[in-house]
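Each of the next two complexes has subunit A plus one other chain: subunit B in the first, subunit C in the second.
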Partner chain A sequence: MIGTMVIAIRELRSFFRLPVGWVVIALFVLLMGAGFSVAIIQPGQPATLRTLFGWGWWMMLVIAPAVSMRLLSEELRAGTIEPLATAPLGDLSIVLGKYLGGVLFLVCLLVPTAAYPIALHLLSDPAPDIGPILAGYLALLLSGLVYLAFGLVGSALTSSQTLAYLGSLLAIIGIWLLSTEVADRAPEWLAPWLVRLDVGKPVAQLARGEVTTTAIAGPLLGTIWLLCLAYVCLGWRRWR
Partner chain B sequence: MRRIMKLCAPAAFLGLMAAALVFAGLLVERYERRFDVTATADHRLSERTRLVLSELRGDWRLVLAVDASTLAGDRFRRLRDVLETFAAAESLDGAAIEPVVLDLSDPRGATGYRELIEDLAESERGRIEAQRERVEAVVEELERIARAAPRISSELGAIATAIDERVPSAEANRTFFLQQAAAVRGIGEDTGPVVEAVRQRLDPEQAPGVGSIQISRPDLASAALSQPTDAVLAQIGTLARELARFGGSAAVPTELRERTLVLAGEVGQFRDRFAQLADAIARMPRPDVLRIADALASGEAMIVAGPAGVTAIDLAALLPDGAALEALGLRAADARQRAEELIATAIGSLVLAEPPIVVLVHGETQRFLGRAPVFERGRERLGLRGIDVVEWPATVERERPSLTDFDPAGTRPVVYLTLAPDGTAAAGAGSAGAERLRTWADALIDVVESGDPLLLTLNPSVLPSFGDADPQNEVLSAFGLRAGTDRPMLGERREAGDRVVLTDLETIAADSNHPLGRAVSGQRLLLPWPVGIEGEGAAVVRTTPADGLWFEDEWLGLWRTPRNQRALLESPPEFDQGSDDLVTDSTLVVAAQRELDGELARLVAVGSNAWHIDQVVGQAALIDGRAVPFYPGNLELLEAAVYWLAGQETLIAPSARAGTSPTIRIVDAQHLSLIRWSLALGPAMLVLLVGLAWRWARG
Partner chain C sequence: MISVREIRKTYPGGGPGAAGSGRVRAVDGISFELRAGEVVGLLGPNGAGKSTTIRMITGYLGADGGSVHIDGFDAFRAPVKARRATGYLPEHAPLYPEMTPLGYLRYRARLCGRWGRSAGRLAEAAASRCGLSEMLKRRIGRLSKGYRQRVGLAAALVHEPRVLILDEPASGLDPVQIREMRALVRELAQDRTMLLSSHILDEVERTCDRVMVIARGKLRADGTPTELAERFGPSPRVVFQCKSDPSVLDPRATSSATGGGWNEGRLEPLQGEDPRGLAERIGATATKHGVALRELRIETATLEDAFIHLTDDAPQPRAKTPSGSRVLRALPEGSR
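Now for the complex of A and B:
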């Protein structure tokens, strides 16, 4: 556990060691801010952040794999994975630590956007409910967790960051197509199982403020399986 | 072998993990918990529904009998969701609600459906038998009249023959009695088929029954009897009256008079007895099982059954399709709340007081209810509570409308609601506005003097400026109230540097101890052309100094200018310290009551006229796919006022559509631009600054 935390904190620091980490956060916040200012701050219109969470979900789809693409592939490229693996940690701690580092960075990405609910609170009459806003953030975080895990699997499979990014992005799009377009045309017995692969649906449900245990558990269980896959991929690469 | 094991072990691990996670996912789905944090309270029962449910005792069933294969998946899921929410309601104190879904396309569902109807028919058997006897009594009386008809007819013929030239208008009288003789003979001849058709419906062996269950149908029998009964009553009523008139005439010879009066007495007896029996079946409430039979005949209905009785909701009303929703100004996501309201009303109709009837008294020259989008939203909302709305154009119809169709027994409370005519309107095609205002107010004064409850809406009026009394104040004066209709309240705002005069007051109702005040507390209302009300009574909605209003006496020009042209007015009204007064704390909505002949008479006065019309209450924003009203307080006020006036305070509670949706405040263009740029760039710049500081601190 301590090893996992050490790796996670080391990973988080590495994000901020270079200007690119700050620039990514600033760009994310800038795009969200522009959307918030133009589409939501409309006098007399409903004070809701739902549209913003919709955009955030799309941005998360692009950013989360980018955050995780370097987590393991960088170690594999530089050959530093071997010294790391020889440390008394185990592959699972490495995978979890790296992943946790990515998750912490995502949290850092979302923290500055708290300015928007605060602004909404000050600008609307009456003040908006906090419930849907918290549920929206939970939705963004859960989608980030899944996409980050996809990226980690890609990163565990190749030492090329570009390949890891593109591979995980294509996998996310592929799963999305499978759970929507293919599911619509699938046989009756298969369609419900394919639909369950859709990350967007539970996330949209949460963003609406409809918090169900299924909507939370779906992305979490998917994330756990992807982390298992990343763990197996890492072990398989080392064994090969 | 070792290599194969090395390859298989991870695959087996992943497979096992996948199986375990799928199993965990299925368990979570099976025992799903839902927490509704939606801004629009999509998955919570409204306070009103909870209030209705708290009145329930014993076991209740919400039975959905539907051909599931014909119902779109999302509509079916939404309805099941609503039923489950009812079943899980915490306000069920000692009662239980069990949702039962019977799929009529499935043999088991069809069997369950039949058993349900059999249960209901059995529980209503005694009541059906009592009604069968009442209808049978009318049929027997009709047969007696038919048997007597040939004799009466021949007696009428004899009277006609006995009329000689001594009788004034002898020829006309003779013709009349001969016509009446033929008509009475017709009664005797026509009765046979009618009696046979009615008896078929009363006979369990021959009646259509309920579904496949054989049962007497007194409701269908009385419907078949309705028209012939009216015709016979009209016929013998006219005959009895004319015979009495003819027999009472001094110009008719004595012998003929006596003969006519004997017949008049006999026909009069027939009329009175038959009228009494016919009235009894006209007022006869249909037994529950027969009442729901019509809904079930359509093949798809939801039945609400419990110890207090049973009722049915047509599925088309419960889950309208997209086009039907659009006609109501709603979206697909609104269907859930509509379903909740309908089910709550259906339950409420069994356990709560009878819903009131609202009579909309207006001063227009023609009827508009159901024909023009004026009060359709209000009518739909009240309809969801089982409250019927009847129109009374008081300026063209002096008599109050008949409510017999809605309330044959005359037991439902009646509430009068108004829409004031424009007193400043010119004569045009009809009468002038001032004249219509007078007639309309006279009708309302009559309502108030008879002690009937009134929800009065008020328009600004020019009459006081000419030294005349405003008829609206005459209505109010009975309750010790007076409205400042001569000086409506105006406000102002800056928009893009220009001064805009506001004629509509947008306000959020403050807390109040009055039931009406509690119903609208915290909700946003829009009151067009507000006027202040003074006097006794409980203030429900008040202005605050923060509203920035003043009482304006030169408002007529603005009133007459169409809304979209008001910005073009060269000198719109503005606050004049010499002639105008600032509004500090003025009452906009007041609830008053007084004792009249030992009874409590109630009045709610709203210092605005168009606050309940479609144009105001229909303004909505799309939130999470739902059309959420901008001013939910208006319809909440309407509903609560109707219940309070009907003496049904216990039914006042915020509905599923209550709750003010937050909106972005109005700010001027300059500030808006500044806010937008700050929010677009500020947080991003702050991140970069923190990054720079971090790197500087870290060296």
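Now for the complex of A and C:
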């Protein structure tokens, strides 16, 4: 556990030591801000951030794998995986530490956007309902967790960050197609299983303010499954 | 302290070393032991299997078979406990360029379970031991190769391990840096067990008590540098340079011209004959016949001779190519 925390903190710091971390945060906050001023803060519009969370979900789909693509790929490319993997901790600590570092960065990404609900609260009358806003943030975070885990699996498989990113993005799109287009045409016995692969559905449900156990457990289970896969991929390296 | 039994590793691929099913045997049943306090060199040409052996010992690579015990812990079944007792410097000392040496050493100490002030104290102690005190707050990416290697070494010993494993510690360093690194390694070897891999003979010969020669994935020899040189190197021989035909001084001497009218003679002592006595006899004969003698020395085997012999594909009991020498006596030109 201590090893996991040590790796996570180093990882989080390394995001801020490199310009790319700041650029990603600035870009996310700016695009969300643009969406906020174009679609939310308009006379006559309802005091809700639902549209913004929809935009945020799309951005998360692109940004989260970009955050996690370097987590293990960079270690594999630079050879720093060797001192790390021979430190007195297991592969699971490495995978969890790296992932937690990425999650903390995502949290840092979301924190500045708190300015938008605050602005909405100050500017709109009546004030917006806080429940759906919190549920929306939970939706963004959960979608980020899943996409981050996709990126981590890609990152454990290759030393090329570009390949890791494109691979995880393709996997996300492939699973989305499976759970929508393919599921529509699939046999009756298979369709319900394919539909369950859809990450967007529970997230959209949360963004609407419908907080259910299924909507939270689905993305979390997906994340755990992907982290197990990343752990297996990292362990596989010892036998390649 | 380190016990390695019959470890094996194959990689996918073909080629001359391929085992069955198109796999290459990188390490083929290597066994050895290191007692506490020993400094042992793992010597071999490039691609011999040194790094693979070390990576299996440190747990970076899985082994196809065999066992490794470090400080009493099974490195395959209880890897975390075995790694706690081990400090490891991989080849090229991979580091995070954006970190400072102090930050990196603290991070490594924390990874090894040292927390709070203890991590900082250990980091500073390791840095000081490796001569990094002046460089603690510079970015690693801006340090010279020699200093980066020192940071890697300090990271390997930051948690005060009893066993230190160094894979090519002088790799990529210039001659001055190699000398500094060698001195540092020698100093560190005083109070711990050390396994050092290298293909630089001089480095191993000057640093290690014992040498293991590895080639094509097999352990070819194990002993002190002197033992290996005597056992696998050529027999000592007398070499001299004279103005006349060397056969004048001894009919058995083989001759080759060296230029300027000088000829080099080489003479192997007969079985049981003392090479020193033979050299003195050559000197006495030259004086007696008035032959100008420029050089008279006894060539003895070196670790390099043994290494070349052992890493040859078809090893013979004793090679016949001398290269090292011990000067017995150097005579000025024209002296009698």
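Criterion: the second predicted complex is superposed on the first by the 240 of 240 C-alpha atoms of A that agree within 3 Å, B and C clash if a C-alpha of one lies under 4 Å from a C-alpha of the other, contacts with A are read in each partner's own complex, and residues count from 1 in each chain.
To be clear about the criterion, a contact is a pair of C-beta atoms (placed from the backbone, for glycine too) under 8 Å apart; a residue touches a chain by one contact, two chains touch by 3 or more.
Worth saying up front: this structure is predicted, and the values here are computed from it rather than measured.
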Fit or clash - subunit C, subunit B, common subunit A: fit
From subunit A, separation angle of subunit B and subunit C (C-alpha centres, steps of 10 degrees): 170
Touched partner set for A:2, first subunit B, second subunit C, both or neither: second
Which superposed partner A:89 touches (first subunit B, second subunit C, both, neither): second
Subunit B versus subunit C as contact partner of A:214, first or second or both or neither: first
Touched partner set for A:113, first subunit B, second subunit C, both or neither: first
Touched partner set for A:78, first subunit B, second subunit C, both or neither: second
Partner with the higher number of touched subunit A residues, subunit C or subunit B: B
Touched partner set for A:14, first subunit B, second subunit C, both or neither: second
Touching partner for A:50 - first (subunit B), second (subunit C), both, neither: first
Partner chain in contact with A:185 - subunit B first, subunit C second, else both or neither: neither
Overlay on chain A, subunit C to subunit B nearest C-alpha distance, Å: 7
Set of subunit A residues, in rising order, touched by both subunit B and subunit C: 239
Interfacial residue positions of subunit B with respect to subunit A in the complex: 6, 10, 13-14, 17-18, 21, 24-25, 28-29, 31-40, 42-43, 508, 522, 621-624, 628, 660-667, 672, 675-677, 679-688, 690-691, 694-695
Residues of subunit A that touch subunit B when the two form their complex: 16, 19, 21-23, 25-27, 29-30, 33-34, 36-38, 40-48, 50, 112-113, 115-116, 119, 123-129, 131-132, 134-135, 196, 208-214, 217-218, 221-222, 224-225, 228-229, 232, 235-236, 239
Complex interface listing, subunit A residues touching subunit C: 2-3, 6-7, 10, 14, 17-18, 78-90, 238-239
Residues on subunit C engaged by subunit A in the complex (per definition of touch): 55, 58-62, 79-81, 83-84, 86, 88, 90, 92, 94-96, 98-99, 107-108, 110-113, 115, 152, 155, 159
